Structure formats: structure tokens, C-alpha cells
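I am attaching a structure below and will ask some questions about it afterwards.
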Amino acid sequence: MDKNNNPVLLQIQDVHKEFDNKKILNGINLSLHTGEVLVVLGPSGCGKSTLLRCLNGLEKIQGGDIKFKDTSFNAKNTNWQEIHEKIGMVFQNYELFPHMTVIENILLGPLKVQKRNKAEALTQAEQLLEKVGLLDRKDSYPRQLSGGQKQRIAIVRALCMNPEIILFDEVTASLDPEMVREVLDVILGLAKNGMTMVIVTHEMGFARSVADRIIFMDGGKICEESEPNEFFTNPKTERAKHFLNIFQY
Amino acid sequence: MQNSGIDVIFQGKNFQRLFEGLFITAEIAFISIIIGSVLGIIIGLSRTTESKAVLFINRVYLEAFRIIPTLVWLFIFYFGVTTALNISLSGEIVSIIVFSLWGGAEMGDIVRGALQSLPKHQIESGKALGLNYFKLYRYVLIPQAIRRMIPGTINLATRMIKTTSLVVLIGVIDVVKIGQQIIESSRFELPTASFWVYGFIFFLYFIICYPLSKISKSLETKWNN
Amino acid sequence: MNIDWNFIVTSLPLYEKAAYLTLKLAFVGIIISLVIGILCSIILYFKVKVMHSIVQAYIELSRNTPLLVQIFFLYFGLPKLGIKMSESTCAIIGLAFLGGSYMAEAFRSGLEAVSKLQIESGISIGLSKNQLIRYVIIPQAFSISMPSLSANCIFLLKETSILGAISIVDVTNLTKDLIGMYYRTFESLTMLVAVYLIMILPLSFILSWLERKVRYAEFGN
């Protein structure tokens, strides 16, 4: 299915970002369509995590514009609360709230931010927990869970806000190898159901199977943009070739 | 006849006497800090032993000073020990004894904390380089331990200086007592003396303790980076 | 040595009364310090204009001067300006003034220790600034600063020992008077130490229990 014919959800135009006088993003242009899964790859320091964090406003850009549907991030009266509701994020270190149970973590956003009906939100939360196989842990505290469980809960927490896009920032980088798979399976499931996602990861096999498009970044620019199969078997640029070689033994 | 309350401080020998009182305060604090530090280092080092009896005694000693207020210890020595041993001790001597013991207990804890916080791998890598026990302590561990102890020690010194204000309650003629004498003698000429005198003493303590705490903070930030 | 049990028994009611007064003053002082402390630390954390500098000055002034001098100033000094207060009021104001800055420092450390990532996590689910403070930052700050806050509570209870200097009959002042009147030094001092143990040890246990209950933040997210 050609996801490129779907409407553009997120338009990233000539985005520049600096940090401490160092250029991190140097003119990024990208379009994200509904239902698309973009995977951003690249060596350390290429700016992929920073780009991701710009996409939901955690980092401010110094040049260019990011538009979510018709709303520009640069506008004076951007409704950031709405942006955060519509663009969810899952962090590398899960960042669940330690003083709340699993279910309280999940319901905080829906109840306090979206002001939804408690029974309705609870039903959705429980359904989602069931899907990831963690319904029996809904009254546990984060400290009682393993890394893989916490990350799956973090995904559920993001999903329960009914976002239109979810951003994943190296979400398996902190996990022990045995737990990586259970989390990636959840994300694959979301992709199959048509969720629009931008994923930063080092898991190459996963990237290949989940992505609709691979974005390869280096030095704050997009070096290559192609279909996954093409990228992994026939990279066009030297840098991409070099990067992929690192993963071959 | 004064036209301003603050003049009472500068009238006659008042200013000089206040500073003499301050000197007594500083003297008690200073001597106690020295004795307390020596005592504390001994205790701190002793806490690294395996002997349960030593650790227990140390623990009781530390907790005794943590639970019982300093003023009560001053009373215990000033009234209790003197009665029990049938001797007479001046307020100053009692103060120095109590503050030194208090200092010893707290310094002991600071020393122990500093030694325990040293990274174990430093000891191992030192041994791997062939340093023997004493050289290891002298060149590697002690300089680092001293660094870690300094903020806590300055903090303790500041607290001690503030607490020396209590010695007026066991009859020592410190700056607070002299302030009270000045107020008493100015009773008729300047009824509002107590406002100015206590205000001034407040200010004196502040200009002693504030720089100390600032030094401690800046050392801490400098060494944490 | 002869222990005068009769003296001990007859003094007990006096100690009880003094202990109640001590605990009452300490309790009120602690509660007010906590309120002052939390407000001040929030002002410092968010660097509220103008108030920020006032709070910093307050903290430096109260932390670098002895409680005894502060209380003498309140009780003997202020009346000369026409501000007359009872001993109990002076005691409570003194304890709260000093305690407030200690609590402020403790709680401010807690606020600053809440990880930036936790705050970003809250932002990412759309929490407003007030909601972040209420649901994410303050609960975790409490948990982190509990040990310091409880140490401060015990500190304030111990500081009540100096209130005898403004004629408040706390347990230490009572003991001093009894020794002066009856010369039963050993019995009086022993009772004094016992009363402090009875007041402080249970408080210490309760606070430790609270600390444990609240310690979730230390085990990671």
C-alpha cells in the first residue's frame, strides 16, 4: 500500500537546530504521511534523537518550521497541550512515574489532561493492557516490574491518549536482550494496525521489517531516504555503506 | 544622652567588651573544634575495625549526642558531673569538654563517611601498582578523604559557633552575656537598648557564619566538578 | 548512692506538664516550618522574580544566626518597638523562622533532584505546568527529601531545650529549676534524659516508617 498517497500529518521544513553553538540539525526536510512508519538510522551524534525530540516540541528549533496538519510549531499561540496529546512519545528509560501504580500512570493523561470519563478511559486502558499481556499487573508499581514490562506499559500509556503519531526514542537500548523482542513485537503490532510512527533504533532487523521508509542521517543532515529492502541490500551513499558495514562481522 | 539607639553599641567600652565576649565565644569554638577533630579522626578510623564492641560503643556515643540536646549536655556536666565528682568546673571548661565531645562524635561520623565513600577500585588499582599499605593511604586515600571531609567539617564548625551562644546559660561571660549587661546598664538612658544590642549580636554571628557557609558551598561545587 | 524515689515520683507530674508544653510548641513550630519551607523552596525552584531574592536573604539570615539570639531579639528586642508577644508566641515564631529555612533547603534539594526526564515524560502526555508540579514533581520531591525533613523535625524538637531562656517551662528549664531548689542533681538529670528519649525515639521511629513508605522514588521508574 502506497502510504505516500495518504495525507501529510507532519511536515518538517528546512529545520535547523543548534546547541551550545554547535549545529545539530542542518536543514532537515521530511514529510510524514498517515499510517507511515519512518525509521531513522544513523551513527551516534548524527542528530536522530534530537530530531525526534523536536517533533513533539521537547526541543525548540532555531530555523525552519514543523507543521502538524495545519498547526505550525513556530506560531505564537501554538496549542502545545494538543500537540502533546496528538503526538505521543516513548522514552529509552521508560520514565514511568515511580510513585503511581501502572494503571494510575496510564490514566493520568486521559483523566487529567483529556478530562475523559473515568469508566471509559479505564476500559480502554484495560483493553490495551490485555493486548500487551500485562493486565494482571495493573496495580503494581513500576519498581516491581522488569524493563521489558515497564517499556510495554510506557507504550500503553502513550496509546491511551489516542495519539495520531507515536515517537519511539531508542526504546530497546536499555533493555536486556531477552526483553527486546517482547517490546518490538508490540511496536510491530501497532504498525500492522496502521499507527503512524517515527522510530529511532539500532535494531537493524527490526528496522527492516517495520519500516515503510528508512531515513539515514549523518552530521545533522538526511543522507539517504529509501525503502527498507533497498536500503539494506543496496545503499546508495558511501556513508550509508560504511554505517551498515559496522553491523556485519 | 543618645539620640540614636545604635550609639549604645559604640558608647564607652561597650564595643570593645562585646568583641571580648565574641573572643571568648570564638575561643571555645576553636579549641573544641581542634580537640573534636583529633578525637573524631581517632573515632572515625576506629569505626573501620571489625570489633563489634568498638562499633557498639561508637554508635551509642554518636546517638547520645544526636538525641540529647547540647544544652542538656552542658547541664549534665555543669551540674551533674561536678556534683558527682565533687569538683568545681568553670562554665568555660565545661563548654570546651562538651563541645569537644560533640565535635568528636560528629567528626567521627564525617571521617567514617569520607573513608567509606572512597571508591574501592582506587584501593585495588593502587595495590596493582605496587603501593604498600602506608603509601596507599598517604598518597591516594588521605588526600581524597580530606577533600570529602571539608564541607562537613566547615558545616560542623558553623553549627558549633552558633551553639556556643548557649554557654551564657551556664554562666559564661560570652558575647550574649555582655550584651545583656550592656542592656541592663543602659536601662534608664536608652530603654530601647535591647533592640539594638540583640540586633547587633545577631549581625555579629551572621558576619562570622555566613562567609564560612559560603566558602563551604563554593568548595563543594568546585570539587564536585 | 541513694536514689530519692520520692523526689522522682513527686516530680513526675511536673515533667509531664513540661513535656506536653515542649511537644506542643515543637509540633506547632514544625508544622509552620514545613509550610514556610515548602513555599520558599517552590519560590526558589521557579526563581519567582523579587520573591526569590527575599527568600534567599531570609534563608541566609536565619541559618547563620543562633536560635537563642533570634529569640532574645523577638522577646526582649521587639517589645521596644511596640511589638509585644507572649513567650509561647515568641517560641513558635522563633522555631518556625529557623525551621522554615531548614525545611526550605531540604525540600529544594528534593525538587532539584527530580530528574529532567521525568518532567519531559509528563510534558509528553500533555500535562500543564501546574499539573506537572502537582502530579510529578512534588510527590517525588517529598520522597527524596523525607530523610532531611525528618532530621529537621528532630532538630527542632531538640532546639526547644533553649526556650527556658525566655521563661518557658520546658523540660530542660524545669530540670534546672528543680536542681536549684532540691539539689537532686542525679535524679533530675536522669529524668531529663529519659524524657528526651521518650519524646524523640518514638518520633524518630514514626519518621523512619514514613520515610520507608515514601521511598518508592529511589527504586527507579
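A, B and C label the chains in the order they appear, each numbered from 1.
Keep in mind that, in the parts below, a residue touches a chain if its C-beta (ideal position, glycine included) is under 8 Å from a C-beta of that chain, and two chains touch if they have at least 3 such contacts.
Keep in mind the model is a prediction, meaning the values are calculated, not measured.
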Minimal step count in the chain contact network, subunit B to subunit C
1
So which chain ends up closest to the centre of the protein, judged by Cα positions averaged per chain?
C
What pair of chains is linked by the largest number of C-beta pairs in contact?
B-C
Subunit B-subunit C separation of Cα centroids, rounded to whole Å
21
Rounded to the nearest Å, the gap separating the Cα centres of subunit A and subunit B is 56
With chain centres taken as the means of their Cα atoms, state the distance from subunit A to subunit C in Å.
47
Which subunit C residues sit where two or more other chains touch them?
none
Sort out for me which residues of subunit A touch subunit C in the complex.
56, 58, 81-82, 84-85, 88-89, 91, 93-99, 108-109, 112-114, 141-143, 150, 157-158, 161
Give the list of subunit C residues in touch with subunit B in this complex.
60-61, 63-70, 72-73, 76-81, 158-159, 161-162, 164-165, 172, 175-176, 179, 185-186, 189, 192-193, 196-197, 200-201
The residues of subunit C that touch subunit A in their complex are 117-118, 120-128, 131, 135-136, 139-140, 143, 216-217, 219-221
Please name which positions on subunit B make contact with subunit C in the complex.
67-72, 75-76, 79-80, 83-84, 158, 162-163, 165-166, 168-169, 176, 183, 191-199, 201-202, 205-206, 209-210, 213
